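Okay, so chain A shows up in both of these, paired with chain B first and chain C after.
This part shows the complex of A and B:
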């Protein structure tokens, strides 16, 4: 009788090589540089595409298996959440304003990332890199869908969730994340990878997802925490692609080092500026707080980023040019952003408020150097005005930075009493910037950034009114016309939390949930 | 000397992985946050398949950690038996 031999299982390494490297071929109908037209113009020199290897060695079959499991878990929770009136169990309806910013400003970026990685996966040579980009492209589409599904139960009960896709292309503050990602997607494939995989995913994304996810759990938001988990489990793979592609470029040719360094300088700063919104969410918008923006920045920005750039020093890479100024900003940016949004909330699709006394004390303890000195007095003044029935609203359009598109509220490094202004003149026109680093980005590629779609300029040029609006009509109210163009439910989506429909409804439903 | 870290979900499925990391990395420091744990180790962190299997008594494919993983730092090396994070290759 024959002894049946157990078939020898392939090792992870062998499986990966068979299931990626065997997938490519040399084109014969057309020359390779016509099939892959974007791999050389950025100046990055690649001598051996096969040197890129995914250290997770994830193959497509394993990918589908684990992704399928993650989806089943997630949708079971989303169903349970909706069936059990999960929206009643969050800490406070103020919390949901952070989720409004998320669905308005972050979810559309997931979709942009899906498109960006599909493009990169198509245009790179080297099967290892192409497969990794393909998986990430699918992940990002999954994140878009799961975030919409997980957050949609709130749309049945609360304001500010009903029109995110429309707002993303129009609303002034959403041009910050939108222009960030469009800048990346219109770069070449190598710049895109440095921008999104490395600078955003590897260096900065922990600041968004770790405290955010933990914060959602702490505030009883089962639905969001579960998509957060599910998305985040993909992020480690994305982060790995980020560091591997940087090493790949740096190891392939010494001439790549200065190009990559420039991209790291640029994209670290672009990402850091976008995260101002996250700092504000962490410090002001979570009724139960996990950690302050400053603490998160110290752990994930300074310690972790510091370790990374020490390690990359062997390739001749130094820390990003804006790193020191970012450290200087940790005591200030979340407060400066919240004060700005507080006064601009007639024009925003979420609510703002003055923190409670206990929350002000928490901020004092977390920001001993800056909060009592610069920010508490201003918040107390806003509270007084609100109580007196004269809440401070700003209907003047702010000056925007031409690169990050954030209103010019950031202060000079080392001097929090002085607004930071920079400017450049290009072809006779003057352009304004919030910092040396945004100015440097413009000065390097002015032809790109003179095309920025700046919401304030667009409003002033009359491009943000609905067709048929007549700005010369007597009594014309330009702000009302812009809000109409945004399709904002005035009085429900915007203004202060105090006295809002969200606040009233949540209090009434909570009371009803505890009694018959 | 820089730390590397791994962050995992605080779930039943991740528990034996967390236990195995703490056993195999004597310098590991564990931090709990709502719904997650973060483990920091100076320079190098190893996850061994055998250690997880000894805890659960079941065969374990190291790629299953993808289901529980939240974030990590350092360079990654993975084969069938070990998953390693480190600075400096």
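This part shows the complex of A and C:
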């Protein structure tokens, strides 16, 4: 019997379905619970994995082609940038300190994201989620590589770019982004997606992209800008994954709602705290400024975030517990962070400075309620001391928040003259926090956060010296020993921008390029 | 979209997998044309940057316009992909878009009709009933609407068809229930100047608001104001077809004088045991137990004990009613995939800032 059936051409959806969900199978050698042990232990109840709405319809074969072409375009720009000494076209060498923080603190997070999504993709049961996570895992690995390649031309000419991988695991301020992501990667797959895909990629990523990519464009950094474009075409996919995952959890079972609410509270605040660094870069580190942290926060945090939380209210989700305090902080956190980094600059692998008069005026205009009252006088004092040859350096190791690991410089909501201190006692030990929300995160899971690797405590315990160091030797200089452990190029990577090698070289090279 | 004759160059665009054909004007983007014909194509940025509206050209020819090279790669251009938000037609074209196939959607081409006002009467102090005798049979799905050309205004207004497809077939007339919008030019004309015997032109049917019969789930209809029209047509259609699934109508008005068709609906509830009728008044104090007190969403929550899972819900009414009803339904565990509505947006409604969390609700 030879019956010929007219075969209808598959629709895009059907084709996608066959190439993703159609590839799944039910395990038979082992029970499914054993193959996927992490899908239930967070308490999230899923009744029907097929209800997950795939956020995009990209199949693996198209993915390779797509990313391959992007790479070609990106590397053509990076090569041209290096060959044409593109670094001479940036606005000012101060700008590069923002890029140093990027390669030191953000690029390693892309790699953590690669690992996190690989883990989540392995442990979700539904094929839709697995495929989405697998692709994002590859995206993140690609972002790590392309960021390193886009930024590495600067390492040939400037300090602070040479040892980011080593610093990430040791340098005090890098424990902030590092501990943030390790917290996410050590959650289960659902918490990981809520933390990274939803809270970070969706709610906060615009605030991260804005200063780096627009900032790079404004300041003539073509290499980083092009990396930004190539990554941004992945970001919309990443954000929708976060949104679909949140909806999926909230719709699958009512009992998931309070679990998701707790994660949103936690990860909104964790992400917001990490973005303190970004606020500081926007307000202080870009010679040509895009917009102030406050303005960016109002658009992306208050308006867009507000609209999202309004819509989420339909699921019974309320705005994150820290949302009001984050709004309260918009006039302060960037200034408080910069002042702290300035006084700790001998210990950091980038430069800080006191803004020029024109820049101080810009800050006054952008922060009419706070800048002249609280921050301008302190910056003017720092400038005075610097001019007198006595730059203010803080040699005391600061108290760190046990959760976000940021030094305790944030002030009380509603009172910018009072440092905010919170503490909890757990099994007889006292732990310190920068805010109600970091304290709440600790109190919910103290057994996790008592394990925090806090750089200050580690230094004081003698764990941040090179092997063979003898702290009892006469004339022992603990700060020098820590900087040696960091493998910091003392005098070149650290200290203030004024008088730095970066400043001198950039001026000399630019002059050579522009004069006879 | 009105019945205005076209002299400009236009091409025919067929959108698969729907199989719908529409006219696209010279220079008009595919996305714009589709949206204006009530066909939702996924889209986001609207100017060629994000790639969300990527489509495949099956035959014909398009100009891909200003698509960003990262959003539409070279190899994709060679494969015949385009971005609907910036592509225009150079010839009659067939595209395939990433749209959900709706097993219950019928493809009915939009046509122009000449009609005569056969009857016009007061349903309530603010709503008029209008019956229009058609010059040709009008095929439609219960819940769909027509665009009525308002004489002298040069514009059209959308109105849902209030009677069922069977009744339209038998009588050769469609019924519209038209509430007077304060200061509205279109509804003002209908209320003040439209007269029996007058000729009008209209086009239709439009819209993707119809009953998902193949789901075979109990149904909740929530109607407010003149939004009763489409719900009434849909329910009537279901009952006439012999549907035995539970059907509940929560129908709200401000006061008793506005509660039009109350008696008819009570009679249906009496005749059809699977149909439950719950009228509600939001402003007038209710005396006696035959009408519930409160807004439609509040009455629905009480009626269903706050639990809506396992239903399909169809909403029709003013935007605040829809908004409140969607919230109630979602809190009662009924989500986007099971909620349908046609939103009546008048020029006065200001859209609030929305997140991309929901596609249509």
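We adopt the following convention: the second predicted complex is superposed on the first by the 503 of 516 C-alpha atoms of A that agree within 3 Å, B and C clash if a C-alpha of one lies under 4 Å from a C-alpha of the other, contacts with A are read in each partner's own complex, and residues count from 1 in each chain.
Definition applied: a contact is a pair of C-beta atoms (placed from the backbone, for glycine too) under 8 Å apart; a residue touches a chain by one contact, two chains touch by 3 or more.
Being a predicted model, the structure only gives us computed values, none of them experimental.
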Which superposed partner A:217 touches (first chain B, second chain C, both, neither): first
Touched partner set for A:254, first chain B, second chain C, both or neither: second
Which partner reaches more residues of chain A (counting touched residues only), chain B or chain C: B
Which superposed partner A:225 touches (first chain B, second chain C, both, neither): first
Partner chain(s) touched by A:206 [first = chain B, second = chain C, both, neither]: first
Partner chain in contact with A:315 - chain B first, chain C second, else both or neither: second
First, second, both or neither for A:236, with chain B first and chain C second: both
Chain B versus chain C as contact partner of A:304, first or second or both or neither: both
Shared chain A surface residues [contacts with chain B and with chain C]: 11-13, 57, 66, 69-70, 229, 232-233, 236, 239-240, 243, 247, 303-304, 306-308, 310-311, 314
For the chain B and chain A complex, residues of the former touching the latter: 2-5, 7, 9, 33-36, 38, 62-64, 66-80, 87-88
Of chain A, residues touching chain B in the complex: 11-13, 55-58, 62, 66, 69-70, 205-206, 209-210, 213-215, 217-218, 225, 229, 232-233, 235-237, 239-240, 243, 247, 290-291, 303-304, 306-308, 310-311, 314
Chain A - residues contacting chain C, complex: 11-13, 57, 65-66, 69-70, 73, 229-230, 232-233, 236, 239-240, 243, 247, 251, 254, 303-304, 306-308, 310-316
Residue ranges of chain C touching chain A (in the complex, touch as defined): 16-17, 44, 50-52, 56, 69-71, 73-76, 96-98, 100-101, 326-327, 330-331, 333, 335, 352-358
